[in-house]
Amino acid sequence: MMDTTAPRPGSLKVGWIGAGRMGAAMASRLARAGEDVTVWNRTRAKAEALTEVGCAVADTIADLRGHDVVFTMVSTPADLEQVLVGEGGLLADPARVPAVVVDCSTVSTESSAAMRAACSERGVAFLAAPVSGNGKVVRAGGLSLVVSGPEETYERVAHLLDHLGKGATYVGEGELARLAKICHNVMLGVVTQCLAEITVLAEKGGMSRAAFLEFLNKSVMGSVFTTYKTPAFVNLDYTPTFTPILLRKDFDLGLAAARQLDVPMPVAAATNAAVQASVSSGRVEEDFAILLDLQAHNSGITLKPENVQVDDGLGGGPDQ
Amino acid sequence: MMDTTAPRPGSLKVGWIGAGRMGAAMASRLARAGEDVTVWNRTRAKAEALTEVGCAVADTIADLRGHDVVFTMVSTPADLEQVLVGEGGLLADPARVPAVVVDCSTVSTESSAAMRAACSERGVAFLAAPVSGNGKVVRAGGLSLVVSGPEETYERVAHLLDHLGKGATYVGEGELARLAKICHNVMLGVVTQCLAEITVLAEKGGMSRAAFLEFLNKSVMGSVFTTYKTPAFVNLDYTPTFTPILLRKDFDLGLAAARQLDVPMPVAAATNAAVQASVSSGRVEEDFAILLDLQAHNSGITLKPENVQVDDGLGGGPDQ
Amino acid sequence: MMDTTAPRPGSLKVGWIGAGRMGAAMASRLARAGEDVTVWNRTRAKAEALTEVGCAVADTIADLRGHDVVFTMVSTPADLEQVLVGEGGLLADPARVPAVVVDCSTVSTESSAAMRAACSERGVAFLAAPVSGNGKVVRAGGLSLVVSGPEETYERVAHLLDHLGKGATYVGEGELARLAKICHNVMLGVVTQCLAEITVLAEKGGMSRAAFLEFLNKSVMGSVFTTYKTPAFVNLDYTPTFTPILLRKDFDLGLAAARQLDVPMPVAAATNAAVQASVSSGRVEEDFAILLDLQAHNSGITLKPENVQVDDGLGGGPDQ
Amino acid sequence: MMDTTAPRPGSLKVGWIGAGRMGAAMASRLARAGEDVTVWNRTRAKAEALTEVGCAVADTIADLRGHDVVFTMVSTPADLEQVLVGEGGLLADPARVPAVVVDCSTVSTESSAAMRAACSERGVAFLAAPVSGNGKVVRAGGLSLVVSGPEETYERVAHLLDHLGKGATYVGEGELARLAKICHNVMLGVVTQCLAEITVLAEKGGMSRAAFLEFLNKSVMGSVFTTYKTPAFVNLDYTPTFTPILLRKDFDLGLAAARQLDVPMPVAAATNAAVQASVSSGRVEEDFAILLDLQAHNSGITLKPENVQVDDGLGGGPDQ
């Protein structure tokens, strides 16, 4: 996706709303690539921290209304609605709006469509651009995005998206990128349950989890995901990165889409039963990697941490 | 796994039995790394071709008996038995045997144990070292191995294994590496069926397979495997790399191991039903990627090739 | 559930709304048991036919407002709302309402709760009393009901419910009977898919479907359901009694309840994938017994009707 | 299968080997029907007890060699081989053999074929005739049999089989009856897991298990099996009638047959994962109805016995 005719850095004025862990890491990459980025965050200190890499700080969202492109990276659909169409929001003054809004948050198709409609009424182009990766993945340069909306808008901002990591993929009109992200998260659940099954099998067969997963990660089946999940599997560190309830929600969305589009999904359905059991276990404050513990329980064993230092493949220190 | 105190290249005399597509690519990597490699192959011409990269050619297997380490890379358990303990085989003369045999073939645990016992009787150390990857993966430097057997033997030859690609992982004594390889292939089946389900969902939702899979491959879920399988999924090229019957056999082995070790495997079992259906369809001469076609059929659609050039991530031209 | 102190037949004035195939068969059983039954049906002729067994005919629903108990047996939630709270409906005149409404239709929990609330506002007790069985089952005396609502109301009308067939079971307050019916229909789907799997296995093994299913029906696993479904399985008569779309709807409801109550349901989920595939096949106008055809297709065979006369266990002639 | 031209009772001399709980109940039914039955059992006292209903007692198996038909009802394939071809066995004297052997035990296809061959060599016709039901089912008249072997032999003894309960079904040549029995037991597992799922769903929804299962048993889905399993589900009485290990063995056989005959069985496979988990739980001395407990555990609840008297549908007192 390297665009050889990419515009000169800084040719577009970029606004950025949301400097949480993910948002800050992403805005930082844009600034380091030489783009002109102004950041607004509810807690101003987080935006201030980005001046180190060359970002400017906006006092209010209103300050971003005149920018060419404004990215949003917030936590919930409600936050997204607030920063766009709430009081003092980006679109609150019809006389002064940005040309393009690119939302990188993970929100529902419905919320995405509503924000697109709100943008459209005001002559603003809207791209749905959810991401694959967490903060540490961003810093390691591994983020990718999937984008839907008007193709000419995508082409206009593609060089910015490319700065964010491995690049973006345009999949079509409307909210298709939301469906792509749901498919991605269904795969995340299936792969994790599969890892749980084969890791417990390998362990009962006599291997250490560290050795087995090292092999798997180096094999053609290994991915950024299997690698950064390995420390949790080896040392049973279930500090949450993504909870069973969030994963179940994505399976709900995936299976609802499958229902609507008439696609039987036997392996996703079998995984969903395991995901549901992880919620039913009551361990809803832990990482969804507890699927491993449940698999071990169902196999009649109790796992112990191996207390081995394992590389998560992302370089640098811990994410949190 | 880079061993900083690796022996000087050429310090061990290496024999190589089996110069088929995989074996030739592997022996070639050893020779290019400066190792002293003598190759025997049933069809001598295939061994001759390796003189270009510096390999010597053995007239008979007997010529390899005095080598320090002999690798075997053959097609079937019967072939392995033939080259080791058959007439004129590597171990046929008790007075003259190599110190170490490293078998990289994919054979059953039983066959592996039998060959280990045969080696043991003659004072030869045996490593089971099955691989992850195909010929093209080897050439792209992406091969990995999983190894079991005596640990000191593993350490003695580890620098050779590292030349073969991304390196090897030692998982323990005996035939554990065979189980690890089976687990790997179960994951291969699960991931392929999962890809089939979400790709058909994405397509019925309105995406092209090329765009959806490009996103997935760049995402944290993407692997060498998902990337090199993408051309088949996009263009419906089902030229066999691995057939439904071979995949079913690995599921048979995986589920038998699960049965023996008392590990319930719901997602592997759901996948196995799809794999069985691919065999039952009668399309047993095609690639197991026909799982995509079956998923599409079950979803009420017939796929068409997208006729898009897709990078398989392995560089260079086609494998066959 | 035989109540030895059952009231004398005729001690309650019974109204009956809905004389379709099921409703007529049920009202008929009440009348034959000596109860005083007045029937209203949109198409009056169907009500008239019941005078033969001693029912009276109501000109309007309003004529039933003064009855002690009014049963409703209609096709859809909309019909139920119409006959209860629509113009000219049973509850349209607050000054004149029956004491009890017993709804035997299959409606959603939401619709049931709304009708209960409407009854409650007018001082009318409401029982949810969905049934298990079709018209032919009713005539064979095999109908059963599951009931929820006020327990004293249930006790007051239990002797009437007992006349309808094998009797009713009271499961608790509110709309619990609707959940029980959904569970029942999930089992119906699971059992049918299981029958499809083992019947195809038996056939590929060399048995006729007629012989295999005769054994199964006589075995401890046999049920009224497996027996009356056998002619369809043997002779591939897929005249609809219940369509794939209706079954999928019940699985939707069952899996939604499971989601809400945090119950993982792996076997129901696996069945749901098969049910979804039956819808995706496009054969949505046929009976859901096409699950057998799909199973055969997935097993690489095409079934042929055996053209054997098979007893459906319900006696008498065909239902339609 | 009522044969209107059934021979007069007593026209065939019947031998019976095996007077355990099942065998005694079955021989007793034959005798009560007026047949001439001579019983041999390793522990003679059990045979003696049958003189009450008119059976004679054999001192040795040799005493039965001259009978027209000899039934075998023993515990294991080894027992069957012992009583037929072991020292002093029924077939030990080539000069004196019965005309027909009917084996009602549950043995593997291989063992059955071996015994058929042994019979055949000696000119003895052999019927495989496994049963559906337990001792209590026999006494309640509910036993059924599935039979394979020479059809003319089946016809010769069909009137005897009919005395045993609900009658027998002939499914074809060879060992087909063994496959039919395995299919039956797969259904038994699927139905039990399905019951576990929907019963826990109903309980979490607010129903008592007793009420829910009473409804289900009266419904068209109810079977002799669901009814006699209900006390265990309601009162959590897991006194073994059939253990998790035995059920897993039948699933092993069923899935192996499916593999051999190329039949994908997604619902049986999903059930098998639950059955395997019941074995892995270590509760292998209890009844396989612990599937209910495991389902409850996976749903985040712990069941309590309801301590309600529940009819098992078989009449009379407890079976053991």
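Think of it as A, B, C and D in the order they're written, each chain with its own count starting at 1.
Heads up, the rule we're going with is that a residue touches a chain if its C-beta (ideal position, glycine included) is under 8 Å from a C-beta of that chain, and two chains touch if they have at least 3 such contacts.
Nothing here was measured: the structure is a model prediction, and the numbers come from that model.
Student: Would you kindly give the rotation angle relating chain B to chain D, two copies of one sequence, based on a CA superposition and rounded to a multiple of 5 degrees?
Tutor: With C-alpha atoms aligned, the rotation comes to 180 degrees.
Student: Compare the two sides of the chain B and chain C interface and say whether they are made mostly of the same residue numbers, over half shared, or of different ones.
Tutor: same
Student: Would you identify the chain whose Cα-based centre sits farthest away from the centre of chain B?
Tutor: Chain centre farthest from chain B's centre: C.
Student: Quick check: how many Å separate the C-alpha centres of chain B and chain D?
Tutor: Averaging C-alpha atoms per chain gives centres 47 Å apart.
Student: Roughly how far is chain B from chain C, going centre to centre by Cα mean, in whole Å?
Tutor: 56
Student: For chain C and chain D, what's the span in angstrom between their mean Cα positions?
Tutor: A distance of 33 Å separates the two centres.
Student: What positions in chain B touch 2 or more of the other chains?
Tutor: Expected reply: 258, 262-266, 269-270, 273-274, 277, 280, 298-300.
Student: Would you pull the chain A residues touching chain D in the complex into a rising list?
Tutor: Listed in rising order, the residues of chain A that touch chain D are 266, 270, 277, 280-282, 298-300.
Student: Applying the document's contact rule, which stretches of chain A touch chain C when the two form their complex?
Tutor: 252, 258-259, 262-266, 269-270, 272-274, 276-277, 279-280
Student: Along chain D, where are the residues that touch chain C in the complex?
Tutor: 132-133, 137, 142, 144, 146, 166-167, 169-174, 176, 179-180, 183-184, 186-188, 190-191, 193-195, 197-202, 204-208, 211-212, 214-216, 218-226, 228, 254, 257-258, 261-271, 273-274, 298-300
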